[in-house]
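In structure tokens below, several structures.
Next come two complexes built around subunit A: one with subunit B, the other with subunit C.
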Partner chain A sequence: MALKQPENSLLGSESDPHRTLYPYVTGTSVVALKYKDGILMAADMGGSYGSTLRYKSVERMKPIGKHSLLGASGEISDFQEILRYLDELILYDNMWDDGNSLGPKEVHNYLTRVMYNRRNKFNPLWNSLVLGGVKNGNKYLGTVSMIGVNFEDNHVATGFGNHLARPILRQEWHENLSFEDGVKLLEKCMHVFLYRDRSAVNKLQIAKITEEGVTIHQPYSLKTYWEFSAFKNPAQGAIGSW
Partner chain B sequence: MSKSVIETPPKGGFSFDLCKRNEMLSKKGVNPPSFRKTGTTIVGLIFQDGVILGADTRATEGPIVCDKNCEKIHYMAPNIYCCGAGTAADTEAVTDMVSSQLQLHRYHTGRESRVVTALTLLKRHLFNYQGYVSAALVLGGVDVTGPHLHTIYPHGSTDTLPFATMGSGSLAAMAVFESKYREGLTRNEGIELVTEAICSGIFNDLGSGSNVDICVITKGGKEYLRNHLQPNPRTYTSSKGYSFPKKTEVLLTKIIPLKEKVEIIEGGDAMEE
Partner chain C sequence: MFRNQYDTDVTTWSPAGRLFQVEYAMEAVKQGSAAIGLRSKTHVVLGCVNKANSELSSHQKKIFKVDDHIGVAIAGLTADGRVLSRYMRNECINYNFTYESPLPVGRLVVQLADKAQVCTQRSWKRPYGVGLLVAGLDESGAHLYYNCPSGNYFEYQAFAIGSRSQAAKTYLERRFENLADSSRDDLVKDALMAIREALQGETLKSSICTVAVVGVGEPFHILDQETVQQMINAFEIVGEQEGPAAEPDAAAGQEAAAEQGGSTDEGVAPMDI
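Coming up: the complex of A and B.
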């Protein structure tokens, strides 16, 4: 793709090939919520290359250290880079061998710093991240965007999830959801993504993190319903319309 | 449809003469001011006996709420109503115009208007103006062929759907519909679902707010529930509202009724039916 820069570009006449200008392979929304025992997170397994569905088995949620789970939407290569940074971070932490380990709050703070600093250099990591975890009984769920906006909440979503999942979560989330109820609520959100987000695929994973550890379940598909009578013969009233 | 003689510019319709110049300016970084979107949540759904339309009541001018309680559900025919999102002037004008055309058509044919008639009139008009008439509509009604629900986009394309949402709050409302809609809803279930969808738009979208308007259309007739739900009431710091400090004593109360000047002309020109 040729670099297209407007003539009056604020960035001057630099055509720096090392800057991130647009994402290439992207993942769509991630949605997560706090439940009774910890955090539940859901994401589909699609990696789109522009408007093509190029990769259908991308794991967009990964465990970090002992206490955290990271989910990402946006550029997949930047997500892999972030995983390498975090690997290094966890490694150094382990090398201290002091009986203490980085919790989700610390990892979230580290990620915020990384994202914000990159954006200040006009070379962002093109991701929206969701960081969840449990340490010493305290549940933590936070999010960081590609420009460094970060906050902590009981339920978060990235990308399209902000528009489609947030309203549902705001209405139906409550404290101390059971595991089954939490999964049902996440599946409700994933259903809406599947119907209404063009880059969604019907192959999703649910990940759970509790005090005991991380479990990323096997991928599965959702059942969709297409039997509305209005879909059967939409032009029956007006021939030539649709 | 007969067209009255309107004064049109020599080429007819919009003049696209400045497009090349605007494009050249855009390339240099000088962009034209964008149109003000009015921000809305409008929905419609088909239930057992007919159609239910719903809308919020906030009209915005950029970041300011200019009308806290406007009406977005427009009358088209006794059995057809239309919700409008986009530029308020465009939705009002286009629904008014098609409503009049439908009335004339009813006189001409002697029959109840059909929803597809309204649909075709609207889509032809909007397509003619190539999307410049910024009206996104949810049209619903019940006619001899049954209940119908359509969405019409500013460029003139239409969809026939069992449930539909439009406007800036459409994603929030659609999330509710996609998770809770099913066929064969009863009237009360339908109203509850529509209210929930509009509330989802009101509370999760900044362009929508204030109250919920509902319109239920069935074969028997229509029910326009203006301000069916008011989830954002005006609150006062004091429960008694504003009261003058005690020091202002009422010394004298004098009420002077103004004389009514209404002249009724008997036997004037009756309008020919």
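Coming up: the complex of A and C.
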């Protein structure tokens, strides 16, 4: 084995095999919004290996307990690790068997603590997470990043979603969207991802969570149109060497 | 209870299947001054008899705020009670930090009970000598629990512990069926009546008792002396004889001797540990 580095040298040497330095298999944007009955979330099913679109059936949204839905972008193996942490958390919560249960707000804060503490040890879980849910009629939607930044909002997105989807949502989101309108709005965002994000794949899932529970719909594809004249001659307005 | 050859160690069973040290610990609770608790659907009230050992000293603190939604009243070895309150406060704060949500009181009492159980199964420890009445709110409503040194816990509509608690319990047994729908003020009034029962003849005044309330929309807090005295005055004028089956002779004699407003605590001091 290589020279053992002392465990408390933080940045030490890059040959330390115990810290996350770079992500390997990654998922791209997740987008979510509050609607009349709860939360709607959308993410594609791509797992990229660098610039290769390698895995095309990765489920990046999972139900947590009775009241929450978690979507993740970033390193897929770290997402799976987070699911294991949450599985244990929910298990112990259920073992109390006492009528109390962890709601989305509690899960979100727990995740924030986990992400922030890992970041402080220079060994982050390389994910941006979206946590949505409904409990006792209260809708909750929040996000946590790999450095522990967390907040709640009426609509959230990760990664490129912040640049491509949030502006659309700021214009077109309103309270009490119907299910159909919410899905249409999410599909509009997913369209933009497909056209503009090179790590996007055309196979997506929509997930919804309401007081009744979680439904993750079957994957499907969006219709795209590539015959726009602007696509035909992309360099027209900016002839140059780059 | 008499001494026997199986009572030295908490880890020694008696042939009858008893742990005497644990039972002796529960005796310590009975020696402490009375604490009572009662609850409705939305509120819980805790009260206790607070007698100072002498005129010169201050009262012992027997009611502790654990969090905005949980409070505890103790009877027995108050030092043990203080330590357990600190544990409870820690648990609440840690849970709140991790989940940004109040710790459900039902979970706190289980943790407390498990902590007490440990002391009944280690030869180098002794059981906590304090009984705790835990009052709290959670998603499913208002709750009152009693945690005892044996590591058992029970949920109650109303309960009393400590010396002369039987009198208070008798009063509460008569009233408990109506408590669920009581208003907050009626609940406090019932608590004061129960405390008066535990005083057995002594005049009830705010200098010798403490009352605390927690409820929906009302964080746990101890009522200040003036408010309590006003409530005492209010119901003593209105319906003095409706509740208690008071001992008239002793009461008359003592009431004559003790006028209101006097800060002296007279005669009958129970063994306050």
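Going forward, the second predicted complex is superposed on the first by the 214 of 242 C-alpha atoms of A that agree within 3 Å, B and C clash if a C-alpha of one lies under 4 Å from a C-alpha of the other, contacts with A are read in each partner's own complex, and residues count from 1 in each chain.
Methods note: a contact is a pair of C-beta atoms (placed from the backbone, for glycine too) under 8 Å apart; a residue touches a chain by one contact, two chains touch by 3 or more.
What you see is a predicted model; the values in this text were computed from it and never measured.
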Contacts of A:P167 with subunit B and subunit C, given as first, second, both or neither: first
Partner chain in contact with A:F231 - subunit B first, subunit C second, else both or neither: first
First (subunit B), second (subunit C), both or neither touched by A:Y110: second
Touched partner set for A:N176, first subunit B, second subunit C, both or neither: neither
Touched partner set for A:D98, first subunit B, second subunit C, both or neither: second
Partner touching more residues of subunit A, whether subunit B or subunit C: B
Partner chain(s) touched by A:H191 [first = subunit B, second = subunit C, both, neither]: first
First, second, both or neither for A:S51, with subunit B first and subunit C second: neither
Subunit B and subunit C footprints on subunit A, overlapping residues: none
Contacting residues of subunit C [partner subunit A, same complex]: 97-101, 104, 106-107, 110, 138-140
In the complex with subunit A, residue positions of subunit B that touch it: 27-29, 46, 114-116, 119-120, 145-146, 148-149, 158-162, 171-172, 174-176, 178-179, 183, 196, 200-201, 203-204
Subunit C-facing residues of subunit A, complex: 96, 98-100, 102-103, 105-106, 109-110, 113, 136
Subunit A - residues contacting subunit B, complex: 6-8, 160, 163-168, 170-171, 188-189, 191-192, 195-196, 228-231, 234-238, 241-242
